[in-house]
């Protein structure tokens, strides 16, 4: 028995006074659709904004990429290589560096949006930047994605237990360790792990992504080798990531513990683990899902250095190499990929969340 | 005065906050007196000048932490670097907090389209991975000084502060005491400054601490690719030095361990302050979280 | 003063040289005992070997093992070894050059190699300035190339030159121009073709380039044309990027996961002091002394004063830099070239004594007081303006060139000259450097086979105004009419001829007076070899030409080593 | 009439930084089987503390400092509620002793459907009834005047009154001996309050449960309770039949309490 | 300062997505007026969510109505000039519902009083101000030394609520807008509080708009009463008339639902759930549900 209000006569001016056109009415009757459309709109605006900002940032940076290239080559070959005006002009054309900044921008966006083309890479000329990036992407997704998810799961579970059994010795250790270590940069840990497991004990490889004696492919040996080589870099991300998730989950958990529904659940005589999983955890993992989407971006930042340290053939290493040679197209490409994935992840989570959490007021 | 007593009251309520602040205070003191300490170590000459001593000396009475690959006294470097790292943290922390707070208040209190634009912009900055942009910026700004690096880092860290504080402002602005102030003829600015701001202090504190941490780590990252500000040594640079020169296997552990311990301690201290503040100000956490 | 350095260990702790080492499992796809593994720089390019595309060719990746010049020049001995070519001959007025090719030579796909390939290469590049290595000297000098028979090429010049064959000599890190197989390239677009796998002529062929492992695997070519003269021993040579962390890199060396490189001086010293039995150290000088480029443009104020250059010279503590800053102890540099015996003929000790390089802050102060006296505030001024120098360097802050500049900066401060020192990244540095927007640039000298070649770049006509790109010539904006005159005369002459000698001396004197380029130290590059799998590495006494693995001369090393019989770990 | 609960010398204290605060001071009280016992008293008099302590939900810094509470569940041996522990306590809960909390807004888990919150207790305490869940839940909901479709709703989709009734339905799901209701209506509007009070009274008639209803609203007691116990500063000042307490209060405080109730001075129609 | 507050066709809508219209109407065409003289007490009763607080906020100028106007001395309060605005603020003062949230937890409770003194220039010296404050505190039966210098969390709800009353006593506005001031208080404190309000009316001539959902307090206060449901005022009249002879069915239901504190007057009839119609009583400000709850 929904309260059917009388049809609106246009009385209110300052507020929403639009006539009930078909679309609007439909939307207000389908809040989830309206929400999705609005969320998608915001996503596009954010995507566009972020891409634009990064484009101008990189273009306004001094240093002519072509000159850089020439200079790098000179360093490599020592001879004063001949870089003629013609050569420079040709490359400027190919790298989209001709015309004023705005027309460069339009051209870049057109290529990017319509053709998914990020322009040629400098570090690997004339391979297009997107190819260079796509080559390293699976490694990064594998390493970063897997370990980030693992860290999240571990962190949320341990954090929830630490909050749940607060005051117990184990929880106290977990909490204090997290306080001390949750902000430590990934690569510190990576270094220490390398020192212990690779140098001192010689148990695990400290660099590269797989054993080159094994041919890459879908074979058990190869997968085993990838796992073995990914263990240390993965562990360093997982460790620190876990600590920060522990901390934030615990912070979320503690106020939940004071919630009436937990007291009620206890009064119901439910078993401890059931209260933890069905009542406590279910209420704090949802906000953590959103947080996870946002955190992907930061993990990406930290990951750059870890990959670098382990010489892992991922996006981070590509980025650093590109930065060292001021390879605009590749840097921009990597940045754009990161922006795109973070935004998309957050978008998906936001769209998914109303389904997971009945409380989410998606129409707000 | 009132603020001071409030602060003292707060500190007394949390052991964690107190110990975090104590560690910070020691570090700040060390940083403040760093020129003196460095002078003392040098005993007449500059101990962090290139080739001041022989290179790679093991720790001993003359050089408590040994010397590095350019013959600089590691202890003096660490002391100096600590002050640099703290400075950068403070600079970036202050700037991003101030900007964040202003944006948050304007967006949160004014609402409407201003909020829409500011929030979208903040949202956009939030998803841009800061690291590549930071690098681009530091390549762009010629002759960067420590202060400029601080500014650059804060360009990317204020959105975090702004985001959290904005949501707080949104919830605080509907509080009855804001209404009371309004019927007492207080103006918007007055309400923001006197009614909202004090209640947001813990959030501002937390924002400050995380921006400061971010900046210190950001600088470490910049150093790692050799784009740090010229002519200064920060903790990150010593670590980077240790990594690239392989100090660890050489046995020059102080170059590696000491700055990492200091940084970890600093992180832990700021974290403790963060959590302490949250506990003290969040009545639900109060007592409950105190273990 | 204290317990000494990390790398010294007390003698009694030194184990016997027979101490067994723990051999690690090298991450390579070929049998360890048949392979020499070389530790090298970061690679980014794996699928293209076309050197005419900027970055179209990986460097330091072993391409040198497959690429041969017409001639090899050994700096250490001064010996010129004919290789693909058997001889070169200029006509008397240096307007024609005749090259003879070895009839045995063939490409690694079996096709013959000779004068036709040479002509193709020269003509293809001559008029293609948009190619890397195109245009330049080829365009400036070459009129035609004639091929009377497949083994003979005759180059006709537009104007006389005694130096054209320099283009085909591998003196350091490869010749300026290597010849291309005509049968492969004639149908290809030179700006696009990837040349993968590369068809070249060296003793090795590319087996695999593994991007994810940053690795190139070279396999011995059983059909190598010059087997009789050069029989390389290892079946495989692997070039692999080493870790940027020296810990990791040196540990890999210690475990014999690398045979060449992959270790730094400090760790190497430590290893040998702890009795590591498998380390061979070979000293070698880079042909490139470390220098300060001093800006000579009047727009830079006091920097244009030769006396200022000398004041800076007096502030350079070369002794200290050579001992404490550079990795190994190295001698100071006085001439703007490397101190190889072959270069001794260009020296002039009389002049060097007359213009003595010495570290003396007093002398520097005296000179400065003349040109930039202190004002009331105690600040040095030049034409009423307080002076402040800008030192830039492309080296990172933890690298030697930065540290050298830092030492100079400290000493300049002591004589009242404040400086800012900046490490600039790649192109930012290059832009400032090329546009002359610096006072002092701390880096390397650049390289020339003879001084006249070096001086040619310093011509006044090549000095651009500040702010305009110098296009790699005369970046210090040196202008001296007398010097220009000498250069003009020298260009057409054989530098070793008698008539050139007094001219070179005059030029050297002007150089000493004005110091546009201030040499600091000679650069020593110790090379480290591991004897676990391979022995008979070059030593200080016998360098086997050049021990550096990124030079084409490395094939001579590979021919002289032998396997120890050590088996790789399972 | 037999007693369900016999409380003797019951004491609860909260430790604060200024020493222990006694919230409940030596209470002796019997709860008779099948009755509705009202606990009255002004705010802070210790009513909730009493309830929470009996339910063994007392959290630090509160602690039971003395007394006993013998509970006589039907068909089981009597236990001292203040002494049972662990599994024994857990089993006792809900099947014999259930709770109707005050905070109806927040006592339901916001991310679980109503039916799942029923399921919980049934799976835990009466697994044999699991199969009949589909029939049981609508019946229980119907008992408190809710439609079956409420079972599939989430708490935030319910109004306060509905939530309170869902809680009531859950409370009697296992037909416990004793239900302790702490201020079941304070957060609600008068009109809803009336409906809830009606339903509470029905519970007794339909399920025969014993109810302990805590409220500071004397009106509620007057309408619902059989007997009323009045608390003041942690002490029980008076227990008696509802009529006696209202018409002829023995204790001075009770008298004051009754007098200070603003009266409408109008007969209900 | 004898003025009149008048609401003319006030309507307040709030955006609410998820309901069919895209908004909800919290206050629907409400008109009434309050006269400063003779001082009176007008109660506004209605269930939770019926729009009472919204009306209070409209009257206090904290929320601009979407239609209609609030007039003070015949002028729209959102169009007053500076002097008029000052007078309006001086003359119309609130006592809010929640004694816990009304104080800024960061400050001592004195501040609320001092702020009134300063902002409305009640005293020119500190001493006079203090005197005024103490006098007002005593007037609401608080000992100044017991409350001054304390932080809000150190006072009980009743004490806090009375400080707000002291503030009003100090300001002597013509109109007090009291939004459920007693709903959080104990019976005894509540009575006390109502006595003070009555006292204000008699001694200082203040007119009170008393908002509540508790009919017994209305009865105690006397004066006039307005009954509001779903944003509309359905009944208005002297308390005795409305209570004894309610004309609107809703008023009847309301009256019927009050539990009589007399075991002899137990309800004999049952009310059906349907009678309550659609009433959302759970979460004020949260009626914006995709599906309307059923009762």
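Residue numbering begins at 1 within each chain, and the chains themselves are lettered A, B, C, D and E in the order written.
Just so we're on the same page, a residue touches a chain if its C-beta (ideal position, glycine included) is under 8 Å from a C-beta of that chain, and two chains touch if they have at least 3 such contacts.
Model, not experiment: these values are computed from the prediction.
Path length between chain A and chain C in the touching-chain graph (shortest route): 1. Interface comparison, D-E versus B-C: the pair with the greater number of contacting C-beta pairs is D-E.
Averaging C-alpha coordinates per chain and comparing to chain B, the farthest chain turns out to be D. Separating the centre of chain B from that of chain C, both taken as means of CA atoms, is a distance of 44 Å.
The distance from the centre of chain A to the centre of chain D, with each centre set as the mean of the Cα atoms, comes to 50 Å. Here the CA centre of chain A is 23 Å from the CA centre of chain B.
Centroids built from CA atoms put chain D at 90 Å from chain C.
Counting partners per residue, chain B has 139, 142, 243, 248-249 as the residues that reach two or more other chains.
Across the assembly, chain C contributes 244-245, 247-248, 251, 425, 428 as residues in contact with two or more other chains. Counting partner chains per residue, chain D has residues 156-157 touching two or more of them. Across the complex, chain B is touched by residues 42, 45-46, 49-50, 53-54, 57-58, 60-63, 166-167, 171-172, 175, 179-185, 188, 191, 195, 199, 247, 251, 254-255, 257-258, 294, 297, 300-301, 304-305, 308-309, 319-320, 323-324, 326, 331, 334-335, 338-339, 342-343, 346 of chain A. Chain D contributes residues 55, 57, 89-95, 98-99, 101, 103, 106-112, 120-121, 124-125, 154, 156-157, 170 to its touches with chain A in the complex. Against chain E, the residues of chain D that register as touching in their complex are 42-43, 104-105, 145, 147, 149-150, 156-163, 188-195, 197-198, 216-223, 242-243, 246-247, 256-258, 260-269. Within the complex formed with chain A, the chain C residues making contact are 22, 24, 27-29, 42, 44-45, 47-48, 53-56, 59-60, 129-136, 172-174, 176, 191-192, 210-215, 241, 243-245, 247-248, 251, 255, 288, 425-428, 430-431, 434, 446-447, 457, 471-472.
Chain B makes touch with chain A in their complex at residues 16, 120-121, 123-133, 135-137, 139-140, 142, 213, 217, 220-221, 224-225, 239, 243, 248-249, 256, 260, 263-264, 267-268, 270-272, 275, 278, 282, 284-285, 288-289, 291.
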